[in-house]
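Per-chain numbering from 1; labels A, B, C and D assigned in written order.
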Amino acid sequence: MMSHAAYVLASYAVAAATVAGLVFWVIGDGRARRRELKELEAAGIRRRSADASGGAGR
Amino acid sequence: MRLLAEGLSARRGEDLIFNDISFSLGEGEALVVTGPNGSGKSTLLRVLAGLLQAESGRLRIEEGPAEFDHPRELSHYLGHRNAMKRELTVRENLSFWQRFMGDSPGGFGVDIAAAAGAVGLAGITHLPFGYLSAGQQRRMAMAKLLVAHRPIWLLDEPTAALDAGADRLFAGLVTGHLERGGIVIAATHQPLGLGSTQGLQMKGFTL
Amino acid sequence: MSENSLAIRKFSDLANPTRFLALADRVLFWFAAATVLFFAVGLWLSFTTEGDYQQGETVRIMYVHVPAAWLSMMCYTVMAISALGTLVWRHPLADVSAKAAAPIGACFTFLALVTGSLWGKPMWGAWWVWDARLTSVFVLFLMYLGLIALNRAMDDPARSARVSAVLVLVGFVNIPIIKFSVEWWNTLHQPASVLRLDGPTIDPEFLWPLLVMAVAFTLLFFTLHIAAMRNEIWRRRVTSLRRQAVRNAGREAQGL
Amino acid sequence: MIALFLRDLKLSVRAGGGAMIGVLFFMTVVAVVPFGVGPDLNLLSRIGPAMLWIGALLASLLGLDRLFQAEREDGSLDLLLMQETPLLMTVFVKCAAHWAATGLPLVIASPLLGLFMNMNELAIGATMLTLLAGTPAITLIGAVGAAVAVALPRGGLLVSILVLPLAVPVLIFGVSAVYAAIEDPAPFLPPFMILMAITLFFAVIGPVAAAAALRHSAD
């Protein structure tokens, strides 16, 4: 049964690692995109519609 | 430093493209190669760049750095294609060429931001090269001439995709290079707006 | 329940990406919180329940494996519906949704495969058998990866949207066919000695943790999906702003 | 040189790059085999190493034709040819980058596929090791083919046809080393050493030949 417990632990570990990887990827991707948007905004480039539809996007 | 060509001729397949071309260019001198389509302007430049074997004749450097066996190693070649990757940003492209080419003896390349500024496109080096319009891509390809120092510039139809403003800007770059003691050989059928230059009229060679 | 109403709103009300972003900002926290809560309960339940007399401790793998497998299929369904949305209704968010779902679906499918393999080793003595069910999930995994590769290969979203939507739909139609053919192919070669992944008939002892975990995983999927959609919208904004920057630079240079 | 290596890596990871597609192709090819031969685990574990090797061989040929052709199309090849740095170094570095972007992922993915083929731990380890030693040779041979076909339209298929026969020794010694490791009587080291020797051999003559072909392909 010890080895079976190892399999159980391994599968939970893989699940945790995969989910964590996915979560970090999504968060990191979001951060990077937001940073790029900020940079572009700082460079004075603005969406034409953003002024009209307001800061609802962010 | 002096670039000498003596009796160059080149062949493409069976056809002799040009025959017995000689010139001698010193520091700060430019050669403008003109002629109709198919007269061998591009072929001449590719021979000078070491990309094509000359059929006969000699090409050499005098009073220059000793350890170079072919002038191509001291030359920038700006061909019809821009030699930039669409997937990479402008900065990545330029910094790659800067690091890969290194500087020839006797000068230094400018940094990337300054080079982009010199072609009037300072703010967009962080964008992928593929986003740029054709004219902007061409201008960034010219910025490549500035990031690594080469005494000899070989320019093949450099201003083909450019508007008048960019034309003037480019003439400024070339003049600057000449003033710093560089050598420029340009094939063109538009006037580059340079001052005193030697001219070479290619007539084409027919048997 | 809440994801249901979200789904309805997503298709009727949220044609405007900006509105979607606003909504995503509001709901993401609650989704994340609910996900964490359900996972806490689910994990607690799945480690405190008794083991199975036949399968021993390994039955606990089921609490991860079955939800992951369920999500791998649900995610593809979401993508197929999104693909329909792209092709039929030309909904601006449908393509974003399909694109954002692909990596998430691939991850869950990968998880289902790995945990299934980890379950299979002590049960069958082999990491992998070419059983009908496993094989069709593996084919599904390959399809996810192919779709991701396709999405990455085309840098212009407007053009790639319809192409990948077509592929998603073809895949969706094809999955039952693959499953049938594989099942037929498999029974031809191998007797039914292979243990089935759906395990023993479930009694309530296992049902509760399984259900809670399934809900937790589903919530996780929606949280990630909304966040990934938001990222995708941002990505497209960045792209269009950059193109705009290029045009601006052209104008300024002309002004010089 | 490092700049070139990094640029090529970046290019193959960026959108449209082929790094991921190679692994995917490898997985698909190997995964298709059981559908053809049937799900008999004993049979699969017996042919597994050979299938992995064939899959890796085909997958590493995938992006090879673009190795120089992409450079030629945008004019970069001209500049690479003109530099003071020896051309064969440039070719070698490009091969190294190509291998790191497409060959190495194949090696890393191979244990996973080994499990699918029901291979035991020893067989998986041996396959991984031989792939690690052998795939660089395929890339280096392929570079010659890619350089020869650089100026041809639709050179892609031609590269595969040119390169596959040349890669046969790599396949033979790679697979026989794996089988030697699994089956007791045959020693593992001799075929493995020959495989290494082939890789080193092509590491020397591959770039030289490719550089020569590139010099003469310019027009």
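Here is the rule we go by: a contact is a pair of C-beta atoms (placed from the backbone, for glycine too) under 8 Å apart; a residue touches a chain by one contact, two chains touch by 3 or more.
Computed from a predicted structure; not experimentally measured.
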item	value
Closest chain to the centre of mass proxy, which here is the mean CA position	D
Subunit A-subunit C separation of Cα centroids, rounded to whole Å	16
Separation of subunit B from subunit C, taking each centre as the mean of its C-alpha atoms, in whole Å	53
Mean-CA-position distance for subunit D and subunit C (Å)	33
Length of the line joining the C-alpha centres of subunit A and subunit D, rounded to whole Å	34
Sites on subunit C at which at least two other chains make contact	155, 242, 245
Two or more partner chains touched - positions in subunit A	43
Subunit D residues counted as touching two or more neighbouring chains	15-16
Chain pairs that touch, as defined at the top of this document	A-C, B-C, B-D, C-D
Contact footprint of subunit C on subunit D as seen in their complex	15-16, 20-21, 24, 27-28, 31, 34-35, 38-41, 44, 115-116, 118
List of subunit B residues in touch with subunit C within their complex	120-121, 123-124, 127-128, 130-133, 135-136, 163, 165-166, 169
Subunit A-touching residues of subunit C, taken from the complex the two chains share	16, 18-19, 21-22, 25, 56-58, 60-61, 64-65, 68, 103-104, 107, 110-111, 114-115, 118-119, 121-122, 220, 224, 227-228, 230-231, 234-235, 237-238, 240-242, 244-245, 248
Complex contacts: residues of subunit C adjacent to subunit B	155, 242-243, 245-247, 249-250, 253-254, 256
Residues of subunit B touching subunit D in the complex	12, 46, 49-52, 68, 72-73, 75, 77, 79-88, 92, 95-97, 99-102
